[in-house]
Each structure stands twice: as structure tokens, then as C-alpha cells.
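Note that the chains take the letters A, B, C and D in the order they are written out, and that residue 1 is the start of every chain.
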Amino acid sequence: MFNKLNEECGVFGVYNNDDHDVAGLSYYALYALQHRGQESCGIAINRDGIIRGHKNLGLVNEVFDQKTLKSLGQGKMAIGHCRYATCGQGMISNAQPLMINHLKGSMAIAHNGNLTNTGELRRELELGGAIFQGTSDTEVIAYILTKQRLSSNSIEEAISKTMNIIKGAYCLLVMSPKKLIAARDPYGIRPLSIGKLGDSYMIASETCALESNGATFVRDVLPGEIVVIDETGLKSITTHVSNKCHLCVFEFVYFARPDSVIEGSCVQTARQRAGTYLALEHPVQADVVIGVPDSGLDAALGFSKQSGIPYGVGLLKNKYVGRTFIQPDQIQREKAVRIKLNPIASALKDKRVVLIDDSIVRGTTSKRIVQLIRDAGAKEVHMRISAPPFKYPCYFGTDVDTQENLIAWHMSIEEIAKEIGVDSLGYLSVQDVKKIATNSACDYCVGCFTGEYPMEVPKGSQKHICEIPLGAEKTAEYEYDMEVEDNEEF
Amino acid sequence: MFNKLNEECGVFGVYNNDDHDVAGLSYYALYALQHRGQESCGIAINRDGIIRGHKNLGLVNEVFDQKTLKSLGQGKMAIGHCRYATCGQGMISNAQPLMINHLKGSMAIAHNGNLTNTGELRRELELGGAIFQGTSDTEVIAYILTKQRLSSNSIEEAISKTMNIIKGAYCLLVMSPKKLIAARDPYGIRPLSIGKLGDSYMIASETCALESNGATFVRDVLPGEIVVIDETGLKSITTHVSNKCHLCVFEFVYFARPDSVIEGSCVQTARQRAGTYLALEHPVQADVVIGVPDSGLDAALGFSKQSGIPYGVGLLKNKYVGRTFIQPDQIQREKAVRIKLNPIASALKDKRVVLIDDSIVRGTTSKRIVQLIRDAGAKEVHMRISAPPFKYPCYFGTDVDTQENLIAWHMSIEEIAKEIGVDSLGYLSVQDVKKIATNSACDYCVGCFTGEYPMEVPKGSQKHICEIPLGAEKTAEYEYDMEVEDNEEF
Amino acid sequence: MFNKLNEECGVFGVYNNDDHDVAGLSYYALYALQHRGQESCGIAINRDGIIRGHKNLGLVNEVFDQKTLKSLGQGKMAIGHCRYATCGQGMISNAQPLMINHLKGSMAIAHNGNLTNTGELRRELELGGAIFQGTSDTEVIAYILTKQRLSSNSIEEAISKTMNIIKGAYCLLVMSPKKLIAARDPYGIRPLSIGKLGDSYMIASETCALESNGATFVRDVLPGEIVVIDETGLKSITTHVSNKCHLCVFEFVYFARPDSVIEGSCVQTARQRAGTYLALEHPVQADVVIGVPDSGLDAALGFSKQSGIPYGVGLLKNKYVGRTFIQPDQIQREKAVRIKLNPIASALKDKRVVLIDDSIVRGTTSKRIVQLIRDAGAKEVHMRISAPPFKYPCYFGTDVDTQENLIAWHMSIEEIAKEIGVDSLGYLSVQDVKKIATNSACDYCVGCFTGEYPMEVPKGSQKHICEIPLGAEKTAEYEYDMEVEDNEEF
Amino acid sequence: MFNKLNEECGVFGVYNNDDHDVAGLSYYALYALQHRGQESCGIAINRDGIIRGHKNLGLVNEVFDQKTLKSLGQGKMAIGHCRYATCGQGMISNAQPLMINHLKGSMAIAHNGNLTNTGELRRELELGGAIFQGTSDTEVIAYILTKQRLSSNSIEEAISKTMNIIKGAYCLLVMSPKKLIAARDPYGIRPLSIGKLGDSYMIASETCALESNGATFVRDVLPGEIVVIDETGLKSITTHVSNKCHLCVFEFVYFARPDSVIEGSCVQTARQRAGTYLALEHPVQADVVIGVPDSGLDAALGFSKQSGIPYGVGLLKNKYVGRTFIQPDQIQREKAVRIKLNPIASALKDKRVVLIDDSIVRGTTSKRIVQLIRDAGAKEVHMRISAPPFKYPCYFGTDVDTQENLIAWHMSIEEIAKEIGVDSLGYLSVQDVKKIATNSACDYCVGCFTGEYPMEVPKGSQKHICEIPLGAEKTAEYEYDMEVEDNEEF
């Protein structure tokens, strides 16, 4: 319902030099990373070189129970993955970690990101005889990695060669019989951090997954770095390391968990600073500042502090509305937004309200929320968005709508304001969004706002990227049983 | 884990004079009331005098799916119920609405509250030949109501007579073949409100359930009032109406949803005012005020506004941790509180922190949270509780621990402060907690703080009340299959 | 699909004087009794006087898993029950054992049979203030038993007094805190047997449940006998014992499992003898005798032996078609009988076939089977039924259709033969069906064939009996969630 | 428990020239073929060249419900598959149909059989860069087929080339965007039949799947034949057709359903003839002939007819004991065979019994059954097996134990007789087992009895074949969640 962008995935890995329960650590880490992907998840364990795993469609608490977790057993290493499909295909064949049986040894792969040359690579592989059972980039990476492995002396060498071939955004975790290896694309578009618990190493998409397990943050994986952990310890291969990070700025604005620290900056602080800049750029006379829960709350606090307008809680989110919520039918739909989000009249009545959110995608949700607030008696509604207008496709692993559906692609800010029914509307500027994280050493990808990307992107519309490269004939797809009609996680 | 008090139940009823889908309205209302009871829920529909229903253990989204909801069909009336068992017994035989087949007509009953003379009444009934399949008060009420109905001219007369017999706190919804009747105990301990949607009437424990369905709030049911809705409209029987309400003040402090309005006061406003009074009573020099999510956040905001100490967000709650979360084993437990609640270091480091919560029950949870905050680098932790110390049993429908387990029963405030590891500790006074709601016409039950109750209560400890009155021999209990090991809702 | 009569229930009890796992014994016994009731099942355990239980809708393997079984724990006694609802209402409130909490002690009750004065008793109880949550006889019995217990010195005395009040067919198992008691109605309409395993006692509807657990058959419970098992051993109360049994003859013809022994006669032998008498009564020139699986096979063997016509297997039943089988839509239905039952052409082609079944209810199924056999190339089809025509309602605990739906109520044998498309049709005579079991000491109830019953039966149609006695207003019913669309067990 | 050999798979395909519901036809066909594989099943539908599917671990009634079936929608073609894993690995990645997305077009593949050169082929493919996610032959076939397709003009040409490369037993169904193609290995080891319903074609492992859907049997697919069905009709490619079939004789003895007709012979008739030959080879003086249900019953009938010894039913199988049955613990196990199989004393007591079964694998089950029969009072037990002693591995798609576990590999017939406790033991001779089907045009594979196979087989023990070819490092395996502890289907 709320038309948010969605991050594609979260990854986690652990190399156990103590006597930790690696399945348990992965389970709790995936709980912490659940916001990065709610469609499927999985864990693969390596015990004495034998890799076992369990994965399925569903949330962590649906896919794993005590019995499943125990059946994975003890291990030396584990990797875990949670996924939100870019193209909305609920396919178990796309669930990760991907596990490969091969003469040269088995491996498990977990991947967060999106390649930009998948189509081309896949075409080449298929013409060479490769067959694909799913539609994810990860299968493509697995093929290339396997091929490179056959002519390499080590798995890390094969990964390094693979990085010469694949383009785009990726954080890869590869678990071979004896090594846990992490690789991050040279632009560092998605975050990846290293932690330590006792003598054991952990790698995770976000630091919150390290903290959940009581691990200490060590450092971020460098853009382009390959980190190899084996019995000799942690080794860094820096051949591909670039000198500058182009982190997706939306990790700070919306994707990452507020308590995570990315490239040295706390996400929550960045969000509050987005609110500060917003108040500086688009000041307004008002009586209360409220945020759209949960993601708009931090920016609202920052806006309040800068503007001096009191912070209030004007919208209550029903925390029980989850995946299996039955959508009201067409007639009731307008009213039914209230089941998910109810205005608190006492905080809004007769007030001039500043409403903070982090994005407007299609505009329909914003329109409904504004109406709720007006119905609750607000005199004025001034909307402020803690990011620039979202106008261009993302090629790097988020769930974007087609450009045609982006309201900011079609309308000016004034038109949008009119369409969603606010008295004024202000977006954070591109210039300022880059300042919200305090770490100056890091540059950002802001392609979805400007259309200028840190690397070459495919021609044509984003929609195309989502599809499987087609040949002369049509595409097969497996549709597995989903228990729920509505996979929207409010 | 968080040792909160729990409300026993939420109730909802609708009398359809338009063409509403009464099952759907009940479903959405129960979603809005879910915080009042997460153990079981049910809906009963009345169509042409035939009553059908569905109930089970589980959350609303677990008990009802599209098919179940449709199978209930269309109806003239419906009542719904969600329940949190006082005594922790996950028994489907206690799930409500209770449905009764009887020569004189069938009926469905939903009840929120707790009787104080259950033991006595049940004993009398059993000696007269009554048999009980569950352990809830509701079965007792059903027997008495049925008996009275046999010598009454109408169901409302029977309810009125029943109210002469039962003592304690109750909000009753009774659906007979032709009428929907609501009754509230003469002390008005639990809330109950009337709403209207088109020409149809709704009754709900809280106004948020009315708003979820787009209904307009009409008024609260008066303490002691019987409201009868039938084809002639809404009728009020005021024989038992008392002149003063003794609403449970914990409805404002914790139980009710922030967007509900009870006896004329907005719950969220009351919580912010609790923070205000707390700042006035227990001022402290500090750098940031944070609340324990979710229930401490509003009071923290009030404290911040009054004290001028900046409001911050210092704890992040993982919203995916639900009933099926697998508890870490003993060894990891200390660390694992972080999976549910993670401190945000940037908001706490080197700061003097005011930590607001609404209660301390056993103290163990508070101790862990304080430790988390210290580990995140806080220099000082000053805890403030937005209610008085919790020392006495509740006899009116909440999930209280035995007095022996209440930390404030054993320890002075100074001792508690030491035990949980804070630099200072302050509770709201009984005098001030009564002022947090702005509606002066309403008095409160504060028995759990003072031991003085608005009506006579049973002798002996509260623990006794939870149990089934025992005779010469032992007690039977049915334990139905629960899919989850841990029914703790964080 | 196959319009069979269904037995209402199976019961099992164990009194443990060794160290048996009483939950496990009950589980395996219910597996053996599953044919007597597939709608719901349950087990109640008595440990130190505390009774716990688990019951639900579904087959034994659906209701119980390892975890559920273990959670019931060890016990001194247990009773189990499986049920097929007479009236087809899938109501969990009717599932048994029924458990009663009472001042005078708790108890669990399991019941197989059907009372003939339920309506009258229930009316009386309701007018005295009793309330009913389900619609089964068992709740009525529980009330009366409780009432009697209040004025009796022992549970067995209360049972004896209850037997003066209730009329009809019943095999009751009552588990009190200290005793396991079995009672069988004075007409002995349903079977009930006693077994012994080590020093422990078992009671079961059929001997197959004793054998499954390795117990030795001791004797049948006498018609009218009350058997009390407690720490002093097994005691018999014979006050109500009548001098003659009127066992339901359909137990031999169809209900009981072939390997059970009832009143001294093996069920399989009885069925083969039914075939023998059938061959004597209705001889025919033919090439092969086949039975409708599974229940017609034994009679077919008997017919073959007597007639000298070779026995063949002409119909193959698909053993995987169970409760969750998706019925083909209307158009395919005619063809789709083959999914459940496929003719074996090589056994039928160009042959004169004798087809043996144990009953014809509505005739539609027989018609389809006959058509299958003709399509497979049979030259002639001669149908023989190993029981008399089914013309009158059963008041004693079987699932009968309304008289209007019984083909033999409307049509002569010749007309039926024409309707179902056979060349000849013969039924076993009432006189001979009484001879199929070799035990001469036992008389039979043949009311469904003759309309003459061993005791007084209610006036009016059988259909009435299925319904809940209605008063001035309509009936409430709870419809619990059934996972399956089609609860037909082929 | 009963240590039977298991067939690996069943396949079904339909090409719709009418307006059939192809998903429904596949569903009912898989029900009919369920005995050929109970571990996993799946259906893939082709609609306008788009292939969709659903597959999972479980029986047909567990994997498919109304909703799943409907969601597959209408189609021009469908293929279905049910599988019993040779190596007992419950891996969803091995479930079929396998679906392939490729530039040159997508396809779905279903396979029944076992290749003998998988190891070699897989090694070669892996060294060429292929990666494998599962362990089944089908993935190997898919790779080779894809590779051949890239250099062929048509899918049928690619299949023909593939048949030059793969060795062993196979019945393949390939569904391309426009064609349904069936291929049978040149030795015709597994059965495959063509049927017609209206103008539509069906292909199935057994004729019972054709009959279930009301189709007419047309003919068997020839050994080595490729059958192509497209809009131009059915076309036969006979390049690989050999002049003689080497059908697995165990299809007649045990695997196939009795009502199926293979290579012109009815399976039931063949089994009865096996009994006839057995009576001729190993006559004995006895009072009754009984079969071990279900598979020994037909042979027992044949033995009875030939010998003149009366046929009886001496063992009752509990039809409710399925996959989720909870196994009794070690102590009870000996007794617990009775839950699954109970002797009928009246048929056995004081009798000399001929007991017919179709095989003895490890001997433990036979030993227990013999004991049951003796406990029931049998004076003598003469066991007759309707096949020769099972001594050598099967390389062609059945679930054989390692040679070390085969009792006949270690012991002489006399020793086996002693071990299992029978008075005499006789096996059908190899010479006679070849005569049980009446169709002289067909030769048989009897390798498991003689060690002589119709084609070259791998060196070393059969056990090796089950494993994934290993390289320098260890093997990855995914273990998916199985809901049941015990997947033994009695």
C-alpha cells in the first residue's frame, strides 16, 4: 500500500574460531536484516567442508523454527541471506544462498545488489550451453565464478577474475569448503561490514546484524575489496579497490536500520540531519511537525529541532498489520488506510501541520495520508520529503517502479503538491542529501534523483532489467505456492 | 521478556442497519484492538437469528483468512473478541465469543474484565449441577444470564438481574437472535464506546476500533448502563448507572492505544502529560530524554517538553520479533536482548540519559535495558516511570504477577534504583497519575498502586483468583496445540 | 462419494498398572479404531488425578504428532475417542473426550452411540438452567452424570443412576480422578471389549485396538454392565445387566474391522458367511465373483466358495484418494469415479459378473460402479448385497440418510435393479443376516431393515434426531475451520 | 518398515486439442501414478508458449490444493511427475518437472529412469563449466539437451542427438513452447504408453493414468522411439528404435498398478500367473493360501487356483497408517508391526498356511510377519515369493539397497528359510518369472536376479551410483524441510 522502494537483499556470514552456534548467529543476524528483504531467506552451514542449508519463501520466523535450525547442526562457517525480489516474482528458485555441487568443490553464494550486464552475460553463457533454473543475477555469478575457478589456483583468484567480468552493484559472500570470502563492488554501492566476536569473524550488510550478535564492529569492507577468511585468519585482496565509494544515498534515507552505522555515519543521525537540512531549505510557519511512521520519524525530529516547531506524534501505525492482512475490497479501500495508519486528532486538530516523509513514489499513498490528516482537523498540511524527487530508475538492486509510474517524472513540484492536496511541498536538494551522513570520505550514488550514475547503465527502461533476457521463444517461470495473497509489509 | 502487565480483552459489536459486511467490520475492529489481547480471538455473526462463529488461538491474522471470513457470510449483527488470558492458559475452550444453544434461544457473549465473585458463583452453580468446560468468568456469566432469562421477559431484563449478582469489572456484549446488548459494570473500570457508521451502530472497547471502520464516535457507555440495540433503534437502561466512573488508570498509562479517546481524553495526550508531571516531580540535569519503545515514547516526549532536555531515540525495537521468535539459550540470553531492542550509540554516547518507561514489574527487564544503555556509552542513566510503583494485585482483568514477584512490594525506590543500576529513579505520584487525563468528571481505580479498590475484593492473594475454584479433587485442563513455543509478544 | 453408512464413534481406555506410555497406547488404539470415525479425535490423560487432553478435527495422524503426544506426558489412565458426526457438523465443540471441571472433581467422558431421549432430556436440563456449547449427546450425559454425582456416594453410583435416565445406545468411558469406568447400554447395541496387557486393563470398541497394542482379549462388557477399574482391580456392577444382547448387525456387515472379534464371532468370518448365505439364497450362473473394495471383498469370497464361481479382483481402489482429494467438476464427475475405483478389464471382459457389495443407500454409487463394469466389457452384471434392503432410520448412532433418500424405501427390488442397471439383484434376507455371526447367544438389532427396534424410538423422521432440539428461537452453531473441502473418506 | 523396492518415478503428459483442463488431467493422472513415487511431485503447464509450474515435496494431495491447481490456469500442454528418490534425499531441487529458461526457448523436462553414465557425463559437463544445483540425472540430461539444441534445427533433433550420448533407462517427457515430446530408451526398460481423449493426446508411465482420465489406450511408445506431438498431430521418429524390449520384469511383479496394461499384458493377470507358476514349482500341502497385502494378494489368488488350496485373508492392513505415523520406540517396535498389519486369527488358527509375497529384501520384515502368523495359531508357514531371489543391484531407476543388505546375496534359500522362521520357502525361477506376462514379443531385464544386464553397467557397487560424483572437495547438499519424521509409506 505504501509504495516504498525496497532494498533487494541482506547478507550475513560467520567464520567460527570459537564454539559459536553458527546457525543461531545467522538466524539472529537475519532477524536484524529482515527489513532488507522479506520475501525469502535462507542459511547455509559448512561443517567439515560439507555444506547444508535451508531456505524458503517467507519471513525468518516463518522459514525457520527450532527444529529446522537444529537440523542444520554445528558448523565452522555459515552464510545467510534475506531477499526482496526486484521484480516481485515469488520464486523459491531465486531464494538464496545458492548452493553449487561441483567436481572442484561445492560452494554457497549469497548476493546483495544488481548487475548491470546480466543480460549480456547470461546470453553469452546460454549460447555456451549454460541452463538457468531461476532468474536471479546470482545464478549468472555462480556460472562465471565456476568457470573462472576451473582455470584458477584458488577461489579468491576466481572471484577476482569474476570481478573483471561482472558490472554493477554487488556485495558477495562465497562460502567454499575451507574459506569464507566477501567481495564488494568497486563503487561500494551497497554497504558491507566486518565484525568480530571472540576470535570469530562476521560479515554483514549492516552493523545492526553484528550488534544483535554481540559482535564488535571492525571496519567496512572497502569498495572493490576481497576479504578472505580461513584458518590462517583474515586476508585482504585490494586489486580492485577504488579510491572512492559511491554508496547508495537511499541506504541512509530509508533502507538501512536507524541503529546501523555505514561508512562511519550513524543512519539515525543522518536521517535527523536530513530533517535539519529540510527545515533550512523549506522553512514554514506551523504548529507541529509529524513524521510518517516509521521511516519519517527521525527526519521529523531533525526538522523540529532546527525549526523550533514542536515535534508531535500525529499518526499511529498498527503494528499487527502484516503479510496476511486481508485487504478491504474496492469500496472500503479509501477508508481502510485507517486500519494501517490512524491519525491522532488531539495532535492535529486546528493545527498547521508539517508532515515529513522520505519519499513520494506514485503519490497515491501520500494523497491518502494527507486526507487523513485533514479529516482529523488539521488547518494546513505542509509536506517535506527528506530526499530529492525520485525521477530515474535504479540499476543497483532496489525495487523501483517503472519511470512512467513515478509522479515526479511527470509532474512539477507544484503539480505534485496539488495532486496530493498539500498547502506546500518541499524536497531535500540533491546537494544537501549528500551531506546528511557526516562522513566526508564517502561519495554517493544519486542516480535515481539525477539520472547520472557512477558507472555505465543499460540502455532502455528499468522495467527491462527486471525481465529475464528473452530469446526467440517465451520464458518459463515457476510460481511456487505463496500462502498469502498480499505480501505487502506495511 | 518485557514483563508488561497485559489487558485481558477487547470487545466489538455491530448492529447493521445499512448493508455493511459485519464480518469484515469485526475483523478490522479486532485488528485495531489486537493490543488488548493476542492469545485468541473470534467473531460470531447473527443472520436471521442464526448465530455462526469462528474462533481460535492466535492473532487475528492467524485465526482469520479470506476463506474463513467469507464463510461467516452476511449478517444483521456481529460481535468479536480478542483475549489475553489472565492466567496464561492457552485454552481454546476459553476463547470467545462464547456461544450458547438454548431452548429459549441462542446467544453469543463477549466479555472484557474480571469478576471478583467468580469463585463463589461458580461453586454455587456447580453444586446446582452446572458443568464447566473452561475456566473463564464468561461461562459463569452465561449460566447466570441463562438462568435469569428463564424467569425474565426479555434478555435485557435478564442482563439487568445478572448485574445484581455478578461483581467486579466487566464490559459485556450479548448478541441474542434479535438484539445487540452492551453492559458496563457500575464502576466503569474498563472502557466501552458507542459509534455510528451510516445508520448502523458499533460498540467497542476503544474508539480506535470505531475509527478503523470509519465510524463516528457517539459517546461512552455509562458505568452501569445497559445499551440495547434492535430494530427499534438504540435504547438505554440506566437502572444500575452509578454517578461516578472508576476507570482503570492503567488504560491511560499503558493498555489503550494512543489514538483512542477514553472518557473524553486522548490517550496519547494523557501519556505526554504523564511525562510532563514526571518532569515536574523528578527533575534532573541531563542531555537527552529517551523512551522505552513503544509505550514509553509519549511520556518521554512530555518529559522533554517540560524539562527542555532534548528528546532522542536511543533504543530501536526490532519489529519482526514476534510470537514465533526462537529464544536464545541460557548462555546467550544476556546478549540477546539486543535482538529485540538495540541501543543507538550515537544518541547515547557520553550523554546523561533520562530513560522513561511506564512501569517496572519484576525489574529484570529494566536492568537489562539500563545495561544496554550504559554499554552504548551513556555517562548517567536516570530512570523515570510514568506511573506509581506497582505494589498490589489487580482484581479487574489484567495480567498481574503474584505480589511476591513485584519488585516494588519488596524494595524501596532507592533499593530498586540500585538493583536495576540507575543513577536516579523517580515514579509518578498517585496524586499526579490521576491528573494525566484531562477529563475531571472521571475518577480512577488506582488499587494496584495503593491497595485501595473502588469495591470489595476477594481475600487472599491475586494468584488465587487466576485459578479455577477447586473442590475435593483435582482440576482438569485441556491443553490445545499451540504452534509456537514462545507466546511472548514483544 | 460412496454413500456408505458411517459408524459414529470409537472409544478406548487404559488403566495402567505397569509402566506403559498411556498416551502412546491410546494413539495406536485410535489408529486401529480410525474406521469408526474420521472427523475428530482426542485423548485425555489422567496423571495423579489431573486430567489433560488434546483433541481436534482431523484424522489421528493429523491431530497428533510426536510433540503433542509427548506433551500429554505420562499417566495412570487415559481415554481416547474418534468420531464421525451423525449430522455432519464439523464442530470442534463436539470433539471428545469431553472434559468437565467440577467442585466435586473433574472427569473426562468418551461416548459411542446415540441416545433416543436426548431431546426430552436436553429440554428439561435447559429449562433447569443448563447451557450447551455443542450439540452432542455427550454434553447431555455429562450434565446428568454431574447432577447424579452430587447426590451419590461414588462416580459408579452416579453412572448407575444415569443409566436409569438415558435411553438408547451407548458405550461410555468415564475417567474420574481415581477410576476408569466403562458402561454399555442394556441392549448392547454397540460393541465394547476388555483386554489386558501385563497387569494393565484396556477397554475398546473393538478387539483390533487391543491387539494393536499387544493386549490379550479378556471378555466383552456385558449389555448393561458397569465395569469399574481402580487401584483395587476390576469390579463389575451388573444391576442393569439384561439377559440378551441386541447388537447392531451392521457391525458385522460393515462397521467393524474384519480382524475384530465381537461377541465371540470374527467379523471377517461373518462377512464370508454373509456371502455364503447370499449364494444360497440368490444363486446365479456366472463366470466371476468380484467385491466392491474394501468392504465387499470378504462376502465375495464367501459367495465364490459356496457357488464355485471363481473369485476375481475386478475393481482397483486408489489408496491415495483421501480427505483432501479435489473433486472433479460437474462435467467430469461421471468419468471421475475411475480415479477412485478403476475396473480391471482383463478380469471382466466378456464375463458374467457377480458383483458383491454390503449395501445400497441412494443407488447412485452402485449405478456408477455397474456402468464401469459394463464399460470394461462385462456381459452380465448380477448384484448381490450382503445385507437386507435398508429402509428405516437408525436411532442408535450411525450416519443414516433421511428415509426419503433411501432407494429401497421407494422402490421394489426389481425397480432398483433396473435403476442401477443390473441383470439381477439379490439382497440377503433378514432371517439370514442374523445367522452370519456364529455366536447364537447374541440377538441383533435389525431395525434399519424391518422398522422394528429393540426399544422405543422417537416419533417422527430420523432427520429430526440429528438436529438440536429447537426452542422458540433459532440455533447457534460454531463452524470451525476445516482445512479440507471434501471430508469424504473413500 | 516393509523394505520394499521402490520405483523411481511416474511421468504424464497431455497435448490438448479440445478444451480440457490440462492441470486437472495431470492432477488426476498423478493420483493414478502415485504408487510410482511418493516423495515429491509437480506439474508444469504450457500456455501460449509460457511455461508455469508448481512442485514440492509431498504426496499429490499435499502438494496440490484447489487454489494451486487453479493458479496454474489453462494451457495447451502439461507434463507431470511424481518421484521417489533413489538415494533417499528429500531434496526439492530434485523435484520435477525441471524447468529451463533459455535464450533458445524454455522447456520443462520430466524423467523416469536412471542413467548409467551420469558420473562420466556430469564430470565432463562440470569441467566445461556447468554447475549443478541438485543431484538428479535430469539436470544432466537438461544440460546435454540444451547443448544439442544449440546446434540442432529442432528440439526433436536435439533429443535424438542426446539419446546418442545418454545411456541407461529413461522415459523422458519434454515440453517445449510448441511441442510435447516423449522418448523411451532403446531397451524399453520402463513402460510408457500413449492414450487419446477426444482429439487430445496423453502420454503416461502406466495405462491406469490414461484410464483415470477416461482416455483410450492407443499403443505403447516403442523402445528407442521419439514421439513428437504438435499442432500437426503425432509424429514418430524411429531412428533409435531397437527390435526388442527389455522391460524391467519387476514392473509386472510389483511396481505397476494391477489395473495397468504393459506391452499388451495386464499386470494383475501377470501377478496371478506368477502365483500359478509358483504353485507348479513349489507345491505344498496346506489349508489356506494368504498374501501379504497389498502386493502379494494377486499371486496368492493364482497360487490358490492352481493348487486348489483355499484362498484366505489372513492379514489386515491398516489403511490409515501413512507418512506421518509416529513409530513406536525401540521397546515396543516388535509388537507394533501389528498396528500396520494385524493377523486374522480365525483364518489362520491351527492351519497350515502358504504365505505369498513378491520379494524378500533384508528379511527382517518377512521374519516379523511370519511371527505374527505363528502367534495367531498357524501350525505351519510355507512362504512363496512370486519372483526370484533378489541378489544384484539395479542400475535402472529403482530404490535398491546395497548388495550387502540383500539377504539372498549372503544366504542360501535354506538359510533364509531358517532365518525368517518358515517351514519351507520357495522362489519363482528366473525362467518362469519371464513367462508371467502373456506377451511373447517382449523380453525382460532380470539383472537384479541374475547380475546379467541388457546393457553395460557401471563398475563397482550400486551404492556408488546413488552418490553425486565427487571431486577433490566435499559435496554440498540442501536439505529442505520435511514436515514428517517418517516418510515410509506402508
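Descriptive notes on the structure:
Simple rule for what comes next: a contact is a pair of C-beta atoms (placed from the backbone, for glycine too) under 8 Å apart; a residue touches a chain by one contact, two chains touch by 3 or more.
Being a predicted model, the structure only gives us computed values, none of them experimental.
In this assembly, A is the chain whose CA centroid lies farthest from the centroid of chain C. One finds 59 Å separating the Cα centroids of chain A and chain C. Averaging C-alpha coordinates per chain places the centre of chain A 37 Å away from that of chain B.
With centres set at the average Cα position, the gap from chain B to chain C is 46 Å.
Not a single residue position of chain A touches two or more of the other chains. The touch graph of the protein chains shown is a ring with every node of degree two. You'll find the chains touch as A-B, A-D, B-C, C-D.
Taken in their complex, chain C has these residues touching chain B: 44, 48-56, 68, 71, 92, 98-108, 122-123, 126-135, 142-143, 146-147, 150, 176-177, 468-481. The residues of chain A lying in touch with chain B in their complex are 24, 27-28, 31-32, 34-35, 59-62, 64-66, 69, 208, 211-214, 257-259, 261, 266, 268-269, 294, 297-298, 301, 305, 310-313, 316, 318-322, 324-326, 328, 332, 335-336, 338-339, 342-347, 485.
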